[in-house]
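Each of the next two complexes has subunit A plus one other chain: subunit B in the first, subunit C in the second.
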Partner chain A sequence: MANRIKTIDITDALPDIDDFCDIPNARISGEIFHRQDIYEQELEKIFARCWLFVGHESQFKKAGDYITTTMGEDDVIIVRQKNGSHKAFINACPHRGNKVCFSESGNARGFICNYHGWSFNIEGNLIGQHESGIYESSQFDASKWGLREVAQIDSYKGLIFATFDAQAPSLEEYLGPMTWYLDALFDNQEGGTEFVGGCIRSTMDCNWKIAAENFVGDILHAGWTHDSAARAMLGGAVSKVSDFEESYSVNWNGHGYEFALDTVGNVAVLGESALNKYLHTIKPSVIDRLGEFRANMIGSVSSCTIFPNFSFLPGQNTVRIWQPRGPNKIELFTWVVVNKTAPEDIKEKWRKGAMITFSPTGVFEMDDGENWEYCTKTARGRVTSQQDLFVGLGMDTYLEETDLPANVYSGQLNEANSRAFYQYWGDLLKSPSWDAMPNNNKGKAKAGPKASQISDKTDGIGEK
Partner chain B sequence: MKRVFLCNVSELSVNTVRKVDNAEHGDIAVYNLSGQYYATADLCSHATASLAEGDIEDDLIVCPVHWGTFHIPTGEARDFPCEINIRTYKVEQEGDDLFALIADKAEDPSLIAKG
Partner chain C sequence: MFYKSSDHLTPVSVEEYHRISTLLAKEYRILDEERFSDWLDLLHPEIHYWMPGIENRRRENPLEYGFFDSKHMAYFDDAIRDIKRRVSRFSQPSAWAENPGTRNVHIVAGIEAFYGEEAGEYCVYSTFQNIRSRGLDEEYIFSGRRYDTWSLVDGVLKLKKRLILMPNATLTCKNINTFI
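For the complex of A and B:
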């Protein structure tokens, strides 16, 4: 049989976390983007414990369909089983540790190690070896040496997540009320979504948190960073976000979604009017399905990160993982997501549009890349890295009175989600176990009765 | 020549294989390829594996362990890592019963699997 992974020991927390992550005072420091010891703590206390996005159900059509990806820096294989479920295994042979699957995706009867011919079926069981007689005469117990199975795997609306930590809370609890917002992109039509085309892989010389934080709640950069690209794509500037009458930042467990309610602000930057038209065409059915509020989010000016490193942009329909590769480097795994029921030509326009804007050569990705790389590179300076960085916008924008779920803040030009992201990050680095994690959620765990209808700015901006 | 009962025809649907235990001669794999019946040694000639647990692809049996193949009608090893042919047996049908004819000595010594 496959074998459950051994839970790793959690080492002591770094002593100076509050020095470089002081969220009550809206302050972080650049060393979090550079220090090797902080990075090693992240691999252990974040990437070996949190739920990580590993694939979309549409990537698996039949038993034996697999993809390879990484969870943190750990190589894993995700493979569809005969009963339609998915299993995740460490992509390393339990004999000498060689990688057992080198392809990014495909269909296989199982996985055979190149080194000594250990053979595993798709359930992860060790079913044989080259020169099997010597194992038999050594009283070898094959049932103890299957592929190491990742502790938990689960999915939400086609999105498959896995965690190395058997003690981690369920995916449902981990995502909490963020699922209500995820539905705006991933469940706005019957049949849900699918990935089109393959995985686009690229690297950037930046820390993974810079990218994750950009998507968790930084629309502020867009009007400035992307001005020239927007003029090229749209023939005009990016929407002036401060002109939107109503917009929000919402977060939970370090995840964050910032959004306006303008329906097509994001999709418009792809420069394909047919896509704007498609969203307007499906909108009445989205209102029936999700209510008016979320129907306004389907392609609006918005972005989201599910902690720690899974992000997407509704409208541009780009989905990505920021894979950590040391403190100064990320590998981007990027896909394009579309509604399954969308017409083929619409799917193709989305694939091309996403490639033109958010891919290694995409005009918007280029803009972001240089900023992110220099946010990381400046932290190499011993003195520079010790200086404070400001994350204090929107400190008094928490909305007490709202039927919207999660921790809700007024306005998307707001660093509330960035603060929540870094707070959760710091809490994980400090916590020896999930039970020790402080609960900083203060909003509703479930949407209130009026959440789907409200579209007027709610009263009740309260204390933080 | 020995005549060994394998199974009933009705137990062997089209394009399937099943294993028949045989302590004396080694386990036998019996196949139904589009209504034609064949029998071979069940043990792979490369490593320990029951061929009856493998998949049939056209007229080849794919070993479930290292995915090498054998030609079912002749027992010929076709794909790496299988290099030693496996023994085959003539199959006789009598009503609903299938029998393998096992020679006291294999006609071709190269067709004796290590099992």
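For the complex of A and C:
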């Protein structure tokens, strides 16, 4: 008998999904942040099926370099192979299930289980056991009892994703045209990006969707929630988002990116003029590389979530996973991303600037945490959890006539991305298979010829 | 626990120990009373206030300092300008989350004080516990160890360096909205 993972039989969909996730009417209910049965459905139908961010290629320099993380609540080890590729294994021994690798990162020739000494190489093969004679006399076939690999692993511009679902569409198809926008942060210079060393881990008593949705398309909160932090960092209020003449919300498969075209609005809140200057200095080369439109996005007022729980802020350069830990709790993994070719002092300013703004000690994030926790906590009230919650801003903002890829909506003060996020979430909870997923994408799967150009309205904004 | 301090330093006199230990107690009382500008007065203009992130690493794969690294991410890695910005955020009327405010108790214990390498400098080691309560029922407690350098400026002791180490690789709450 071989070490296998039994197929998880898809359970029936909850009967009341349309009640708590009624996107055509722009309503959701607080119970989605509280109910244990919904959470269990999410682990099965979202986290065991979707592509999840597991690491950045820069975290692995040589064979045997590894990090440990989780996919949903499943512990995994990501390890670089001799040929430069990466494998992801379930971090649980196939003997009795003990955790195999306890450290969060490092380099290893293999992994040895503390319990009975099963020893695995970096390819995941079982290569030895303590008291190996007894296994031989039990006709044990070690070749069948290696660490279990995830179903698929792939990367885009340094970002490594994995999925437990062999039936999941390819990463390319899953991300779709969102990659065009991801390039604004992750590929604006030759060589791409790298993560600063270390990972700050912290917990928050909130539902994972509240955090993911905040980054998918909620710039609305920034001017209000973060007023105190903006004043502290800049000596004044954050730029008024409604003053931008041109901004967008774009989404695809539940992923969303909202952005202005002001080049440096996000980076400015780090209060380090050298960083603004760096972005202005590289901008001409970004125009050559990506065109003018995306060159205006490299540090603009913007945010993004790749469904379900991978998020980042261009400019602040903070990168997150919101790891689900029950309906009322998340574990946050926080990194800082920088251009590989940026000068060392610029990288250093980003390391510190990102931490003082968006981290558990960050002056911006402290206010987010309060909001997210209490959006979650109020939903424990049986009656309160049935209250309709409004997600109806920007219902009529869809842009038919545009060469920009993905589903494009005008204006970033808009709940279009939040609706798309919850729509995709609800669809996954309802769908027994990927084939059964409705296609709600109506925009372009590829950028049209004029996508990289900028309109008259945009021209010059970045120079102000 | 993580960081190997020197055992070759000379302990300060009883009088100096008294002066330093009461100063540490006063510092925490000031923080508990939200007297941030008085707290800023205790800081040296060239302060390095550093609380690195703790990484759960195997012994054969140590970072620069075992569990932490000066080039890695940190909770605090501040110069005076950064600390003043944090204080300024607490003082804004629009710091919505600080109204009602957070109630703090800081406890310092295990104070050791030595003459530093430079004249007028003192190496001061201590352990701390911070208890915060917010709202009706939120409570967060964390503890750790501090490695300070205090320096005499015109006869007044100023905090010039502080390394704060907590044992946790995961901060088990949403933020650290205080100073340690």
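We adopt the following convention: the second predicted complex is superposed on the first by the 448 of 464 C-alpha atoms of A that agree within 3 Å, B and C clash if a C-alpha of one lies under 4 Å from a C-alpha of the other, contacts with A are read in each partner's own complex, and residues count from 1 in each chain.
FYI, a residue touches a chain if its C-beta (ideal position, glycine included) is under 8 Å from a C-beta of that chain, and two chains touch if they have at least 3 such contacts.
As the structure is a prediction and not an experimental result, all values here were calculated from the model.
Chemist: Should the pairing of subunit B and subunit C on subunit A count as a clash or a fit in the superposition?
Modeler: fit
Chemist: Please work out whether A:Glu373 is in contact with subunit B alone, subunit C alone, both, or neither, and reply first, second, both or neither.
Modeler: In the superposed model, A:Glu373 contacts subunit C only, not subunit B.
Chemist: Once the structures are superposed on A, label A:Trp335 by its partner contacts, choosing first (subunit B), second (subunit C), both or neither.
Modeler: After superposition on chain A, A:Trp335 lies in contact with subunit C alone.
Chemist: Applying the document's definition of touching, compare subunit B and subunit C: which contacts more of subunit A?
Modeler: Partner with more touched residues of subunit A: C.
Chemist: How wide is the angle at subunit A between subunit B and subunit C, using CA centres, rounded to the nearest 10°?
Modeler: Once the structures are overlaid on A, subunit A sees subunit B and subunit C at 80 degrees.
Chemist: Is A:Ser119 contacted by the first partner subunit B, the second partner subunit C, both or neither?
Modeler: The first partner, subunit B, only.
Chemist: Is A:Arg109 touching anything from subunit B or subunit C once the two structures are fitted on A? First, second, both or neither.
Modeler: It touches subunit B, and subunit C stays clear.
Chemist: Taking the superposition on A as described, I'd like to know which of subunit B and subunit C A:Gly133 touches: first, second, both or neither.
Modeler: first
Chemist: Closest Cα approach between subunit B and subunit C after superposing, in Å?
Modeler: 13
Chemist: Identify the overlap between the subunit B-contacting and the subunit C-contacting residues of subunit A.
Modeler: Residues common to the subunit A contacts of subunit C and of subunit B do not exist here, since the sets are disjoint.
Chemist: Under the touch definition given earlier, write down the residues of subunit A that touch subunit C in their complex.
Modeler: Answer in residue numbers: 102-108, 196-205, 225, 227-229, 231-233, 271, 331, 334-336, 351-352, 355-356, 359-361, 363, 365-367, 369-371, 373.
Chemist: Which part of subunit B faces subunit A closely enough to touch in the complex?
Modeler: Contact set of subunit B toward subunit A: 46-49, 55, 62, 64-67, 81.
Chemist: Over in the complex, which subunit A residues touch subunit B? Could you list them?
Modeler: Subunit A reaches subunit B through residues 109, 112, 117, 119, 121, 127-133, 136.
Chemist: Residues of subunit C touching subunit A in their complex?
Modeler: So the residues of subunit C touching subunit A come out as 51-53, 55-58, 60-61, 69, 71-78, 82, 85-86, 88-89, 92-98, 169-177.
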